[in-house]
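Should a chain be cited, it is by its letter among A, B, C, D, E, F, G and H, assigned in written order, with residues numbered from 1 in that chain.
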Amino acid sequence: MAPDVNFDFQRRERIGLSEAVFCLGKTPQQIGEAIELAQAHGVPLLLTRLAPEAFATLPPPAQASLDYDPSSRTAILGPWHPPVGEPVVAAVTAGTSDLLVAREALRTLAFYGLPAREIADVGVAGLWRILKHEEELRRYPAVIVVAGMEGALFSVVGGLVRGVVIAVPTSTGYGAARGGETALHAALASCAPGVVTVNIDNGYGAACAAVRVLGTHVRPEVSERASAVRTE
Amino acid sequence: MAPDVNFDFQRRERIGLSEAVFCLGKTPQQIGEAIELAQAHGVPLLLTRLAPEAFATLPPPAQASLDYDPSSRTAILGPWHPPVGEPVVAAVTAGTSDLLVAREALRTLAFYGLPAREIADVGVAGLWRILKHEEELRRYPAVIVVAGMEGALFSVVGGLVRGVVIAVPTSTGYGAARGGETALHAALASCAPGVVTVNIDNGYGAACAAVRVLGTHVRPEVSERASAVRTE
Amino acid sequence: MAPDVNFDFQRRERIGLSEAVFCLGKTPQQIGEAIELAQAHGVPLLLTRLAPEAFATLPPPAQASLDYDPSSRTAILGPWHPPVGEPVVAAVTAGTSDLLVAREALRTLAFYGLPAREIADVGVAGLWRILKHEEELRRYPAVIVVAGMEGALFSVVGGLVRGVVIAVPTSTGYGAARGGETALHAALASCAPGVVTVNIDNGYGAACAAVRVLGTHVRPEVSERASAVRTE
Amino acid sequence: MAPDVNFDFQRRERIGLSEAVFCLGKTPQQIGEAIELAQAHGVPLLLTRLAPEAFATLPPPAQASLDYDPSSRTAILGPWHPPVGEPVVAAVTAGTSDLLVAREALRTLAFYGLPAREIADVGVAGLWRILKHEEELRRYPAVIVVAGMEGALFSVVGGLVRGVVIAVPTSTGYGAARGGETALHAALASCAPGVVTVNIDNGYGAACAAVRVLGTHVRPEVSERASAVRTE
Amino acid sequence: MAPDVNFDFQRRERIGLSEAVFCLGKTPQQIGEAIELAQAHGVPLLLTRLAPEAFATLPPPAQASLDYDPSSRTAILGPWHPPVGEPVVAAVTAGTSDLLVAREALRTLAFYGLPAREIADVGVAGLWRILKHEEELRRYPAVIVVAGMEGALFSVVGGLVRGVVIAVPTSTGYGAARGGETALHAALASCAPGVVTVNIDNGYGAACAAVRVLGTHVRPEVSERASAVRTE
Amino acid sequence: MAPDVNFDFQRRERIGLSEAVFCLGKTPQQIGEAIELAQAHGVPLLLTRLAPEAFATLPPPAQASLDYDPSSRTAILGPWHPPVGEPVVAAVTAGTSDLLVAREALRTLAFYGLPAREIADVGVAGLWRILKHEEELRRYPAVIVVAGMEGALFSVVGGLVRGVVIAVPTSTGYGAARGGETALHAALASCAPGVVTVNIDNGYGAACAAVRVLGTHVRPEVSERASAVRTE
Amino acid sequence: MAPDVNFDFQRRERIGLSEAVFCLGKTPQQIGEAIELAQAHGVPLLLTRLAPEAFATLPPPAQASLDYDPSSRTAILGPWHPPVGEPVVAAVTAGTSDLLVAREALRTLAFYGLPAREIADVGVAGLWRILKHEEELRRYPAVIVVAGMEGALFSVVGGLVRGVVIAVPTSTGYGAARGGETALHAALASCAPGVVTVNIDNGYGAACAAVRVLGTHVRPEVSERASAVRTE
Amino acid sequence: MAPDVNFDFQRRERIGLSEAVFCLGKTPQQIGEAIELAQAHGVPLLLTRLAPEAFATLPPPAQASLDYDPSSRTAILGPWHPPVGEPVVAAVTAGTSDLLVAREALRTLAFYGLPAREIADVGVAGLWRILKHEEELRRYPAVIVVAGMEGALFSVVGGLVRGVVIAVPTSTGYGAARGGETALHAALASCAPGVVTVNIDNGYGAACAAVRVLGTHVRPEVSERASAVRTE
């Protein structure tokens, strides 16, 4: 029988991002097959949405090969080592319950070698909490904002900083929060110009977008043209 | 044939608010019948959602009897005179397009004799605009916040003031603003405690709620018990 | 690593309401961290949506420090004692299944020192049940109405009393009740003027709104101006 | 070319109800074709949703053959004459704006020879208005309740009478009324047992349901009239 | 503490239907309290949505007092005995999976003393199955049609019979069946005139509507049985 | 400036269907540009959703070059001539108001040279109308069923014929018909196996699907294998 | 008591497809009853959505009589044998998580004797994967495309092949994937002409549609007429 | 009376983007007030969603001061001149009907001095059209993709290029396209990693996001750190 997995190994070469394994809804066999395939090709691999219970059902050799982090529900198959140095991206959360998603973003950034900064629990009901970080936030080329409920933090940050503001609506909340849809719509309908958004709870996607943003820095001829524009 | 209108004239006596005429979807004949009925009983009457084009189709005597205000699309049939004195309620708007709704609230308050304050175009994308009014806003027992799009202003005001925060989501915006539903859900899912909301574009209802809030001041025995609680 | 919790301790001073811990979706560690933080600052703390099963997973010292009430799924960390005296708010429910939400409101009011009255199972299919309490209900400056299914009780109470009517739609019902959305929309589209609403099942928020309403009584200069208006 | 209209002339014989012409979305030619077809077969015909502007575009002979009523937007092609005698059905409306729909129901009942009673503008915000009619309403085997906005009237009537309660949700209202969906859901999720509902604004359908109910009735004088209807 | 349950014992006298206990979302204590209250008043009681697992958690004396039927998830507290004689209502299902709901209707009819007929698994994909019963179905004053998925059976039956057609949409199906909403909308938008509908999966409500219909019936033998029900 | 239109002229060669011009939302200039482009390449062109008012705004030479049919709102730019011979596809409609959509399908089939049969106004409320055509319908390899409201006709036809049943839900109806969504969901959740569907009001797409079905007949080697299967 | 199951055994004769048993929501008794009924009639039977846990609860004789395949969650009751020969249909999936649904389609095709080809994990993010199969795909009269998330694969395949493209949207994905609705809407709104769709996760239905497509090959007179059209 | 407009003039200094005037829903007076305010401060101003009919209602001096472009419905109040040089951003559209939105993005980029490239009508049904531009597209740090209907183009481009892919879903299409929601959900649920999205039809917002992306090039210290990461 044909294999269930058909990796797009050229993706990193082509677009700077490699295929990751979204574990929810996959069998342990399918996850194991993916790990073996990556090992056979000698490439690192990121696994997301891998709950502790699911990690425990993987075959022991697969478990042993992974650097597993329960607080972000991600696992990394090396060769890989955590980035060091000054953070180049910030991930800000509105509440404590948004941390799981923010940490998925932070681990993804780490997988791509980008050091990043976590700023937690700074929702707008106590506005001084985010304003305290205004100066620092203005230094980052990309700020990931993670918020559920009404998602007011997206607009507040979008009105404070110059960098790319990547909203990650989360499913935090109940009732009218509608499993993250209200925060999603808030990001899309934001009164702050140029805020962009990714799917609900998609910390991984926000980090990938940040990688795309950061990647533009390596093309000097674009940099030159654009900076001419921006310094007027 | 029986009349189309069957006023609940006891309402003001019973709950402190009289029946108003919502003009959208009523024929000029039905609106005229309502005006005559009020005149016959000698009671003042508030008409809402009366667009200039609709006002122009009313019979001339009806037009002459009304104090019409196009900026709020309301008309008042006297006996009535505008309130004077220090404002006891504030109506804050996120954008210029929210003014029509805010002014419906302000006219309704005026109909009930309550002087009020308008603070316009202070959306969160430029946070300094609302923060400039923080001190003043903290003085009102009720603040009506009128906002469309993502409705972030509800939570920001809800985190700044002690008074009752009455959110009026508006249909300002497009796409993911969903005709006011996103702002409505934002008010309901607000991270600021104790924010309440009324229907989309319902400036009239917000003002009625403020009348209910203000009405509690006249019952000294409640005031006494509650202030004992609050001054701890 | 930075802490997961970043309390807004100034909130009570600023708006008269302190930050509460919404326990759903938080780990026992995060809840424990919040309790320790409050203890370290010597401030009382309210915990909501804490199911008996979740309470049982908290560390024993945390459990011991809390006054836990399973019928409202709330816990209170003192210093605190239940209010005494005449009730200043009423909480009315349409059915027996709405009691959990009503009791969350009642416990929140108690946390803020406000004595309140519970009136249970008075839905409109047997109209005499609510009419029996009409006289009493008209005495309260704020009435919290808790109803699921079609939420008809909001409009009926809104047409009977002068005080602020705070609707709490509940997820009681099935099918077209749509998990509370129908009751929510009924509150928003109510034909009774000035009814306000909070999120589905949000007994806590309704109580916070009532605290805001009651808090207005302590500002005599507003009281004076408003009562002049209302006694005409 | 084949005709556009293919009448089910056997329907009245088969189920006691004949095919009606829903005019919205049909061309004047198609409506004219239907009228001619009925005339050729010598059977009466009911036309619904025929706005005055649309009536005016019909060919003059078609116009002349019809008994047109703008207040219900219906037309009847005879042989037919209005029913006389005691009403056997009541149609109750919550507000003035619901009258158009109620009158569609009343005209349909009249087309089938059933005398009926209109009770207008008795919404629950002024509860005394509907309670005034309680005694009378309890006498009808079927009560049609027409209400938009939050549709609370369905449950209130459903808890007062023994007869079949047929809810007709209307598109009256705005915002959270959602074009009639909230009233529709309120009818379906009603706490009063055995309330049934038809489509939004479907006065015609409610009357057809009442015809089905009456077709099976005990009271001899009604039975007689009703069976006259059913046996023709 | 006040009791959680506040029965409307006058309901049967008033509208011919007594209050039932919807068990979903109620605690065993609350269900037990309801049973004791009914026993104390000596009135029969119907309990719906009582899954076998929930029945097993009731206190043994409560269990012993009930006539429990797992195939309809209902229990009856007597004095009561099953009706005998010719059926006066039919309950038709589109598929096998709709039987649970149909049997809730049949048991409710039985509780009110009405003998009824079950016709199962006659969906329109094999049209001969329902046509085989056409003659019989035309004899009933009320036909309850229970269908999920696309709900085509409502319109087919509505076009075949004279009696009241009460649609019960069910949550049978997946995806575009949307948990019963598609069948519900199909009932409401039916091309057959005078079809009425109740909430999704609401077999109980359909039966209550049939009781209201039967309460007004011509056929003397039914009249007698029905009036026996109505006068007790 | 670059042209607005960039035709995929290879499409007919590649998949047997050429690019059509959907006129809604296009300016007369853009439509004119498309016509000129097709003329320059000497290929026939189908234009859909071209209302009479829009046709009248086209430049006169463009108008003169088109074979315009208002009953289907389509225009054809030749070289082209209507097909003759026995019909190979049938298009069935539930009601008169569905004819516009059915005729879009018929014209598209004609554009591709396929003769087809129209069977109008055979909705299920009068079941005999469709059953009269059962024998004939069973002969077609593809049957297009066009229905709005509750879309019950899809399942009835799907249970009667062997050919491919292509459902076209229409926006006919109001309220719970939800602009065609109910019929769409009915097609998708149909109890008849193997019914397929296209977008609401998409007569064009249904015809294209029929072209794909009919196109399979020209590949004898497939025909042979499949017929071996089917004749067992 | 009447049986719960009422098979439409004439269906295969009538439309070429036999009734299958959708096991979700049926009791083991009902499934067992269906198997016995088919055995009694000596006809083969397909069972779908039979999870391993549900299979294990069937009575042992029923289990023994079935050819169970966990990877598609289907079981077949013979007489039956797997088809051999060149594939006549292809089933393509966007991702690994879509395989369960694709295999339901493949097993259904096998049940009807049609050999088919699986092409897995060829989503558009790595476009070369599907383009590699372009030549082969163009040979099939029907291609089943199975995709969740954004469902872009439907349009890409629809633009590449001549055969009938049957989209099966899946519930793969989260958040804005909305349980398969986004993929479903993508199939319906596809820019590729003539793509048809079935319900979310409905591999069975897609296969039935393919059987209908393939079945058209056995009617030579249609084949002849159509091929005349298509070879122009 | 207070002015209706309260500009956030510090915004450009603070975040690199100035406040624009969204003209839909504003009166000519309010638009005129905004223009005068900008003139008084001597700052350039961008006006969006200004239809030709609305432009014509502006006071003549306001009209004369603006550089109006009907193809994008934007106007610019100078001092300003169009950018020259090599494009640094591309805007790609799926169809001709998406051009209006794409041109709003292009004008906004021009307002900020960024030259950009338009690539029109390259939807995936004819895949060769976008693949022809693959090489060029890979050179841009940001690619704006404008697509309605099923929005498949977002994922295809997202799988081809390294730069930031900013999806702009449009309201092009009908029925299941749901006014742009399907394309929006497709962007959010895209299988291509790191695609970000803005509101439906929000060409302006997409351009603002691109300005944020391009702005990162002027901070050399970030550039350095990030390029170290990306060149591994």
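One rule holds for everything that comes next: contacts are C-beta pairs under 8 Å (C-beta built on N, C-alpha and C of every residue); 3 or more make two chains touch, one makes a residue touch a chain.
Please read all numbers here as calculations on a predicted model, not as lab measurements.
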Co-neighbours of chain F and chain A - touch as defined: G, H
Copy pair chain F, chain H: interface residue numbering same or different (half cut): different
Interchain centroid distance [CA atoms averaged], chain D/chain H, Å: 51
Chain D and chain E, separation of their C-alpha mean positions in angstrom: 26
Rounded Å distance between chain E and chain F, as computed from the means of their C-alpha atoms: 43
Residues within chain D bordering two or more other chains: 11, 125-126, 158-160, 175-177, 184, 188-189, 192-193, 199-200, 202
Set of all touching chain pairs, with the criterion as stated earlier: A-B, A-C, A-G, A-H, B-C, B-D, B-H, C-D, C-E, D-E, D-F, E-F, E-G, F-G, F-H, G-H
Footprint of chain B on chain C - complex, ascending: 11, 14-17, 20, 83, 85-86, 88, 112-114, 140-142, 158-166, 184, 188-189, 192-200, 202, 204-205, 207-219, 222-223, 225-227, 229-232
Touching residues (chain side chain B, partner chain H) in the complex: 96-97, 99, 118, 120-122, 125-126, 128-129, 172, 174-177
Chain G - residues contacting chain H, complex: 94-95, 123-127, 149-152, 154-156, 158-160, 173, 175-178, 181-182, 184-193
Chain G residues within the chain E interface of the complex: 2-6, 8, 10-11, 19, 22, 24-26, 30, 171, 180, 184, 199-202
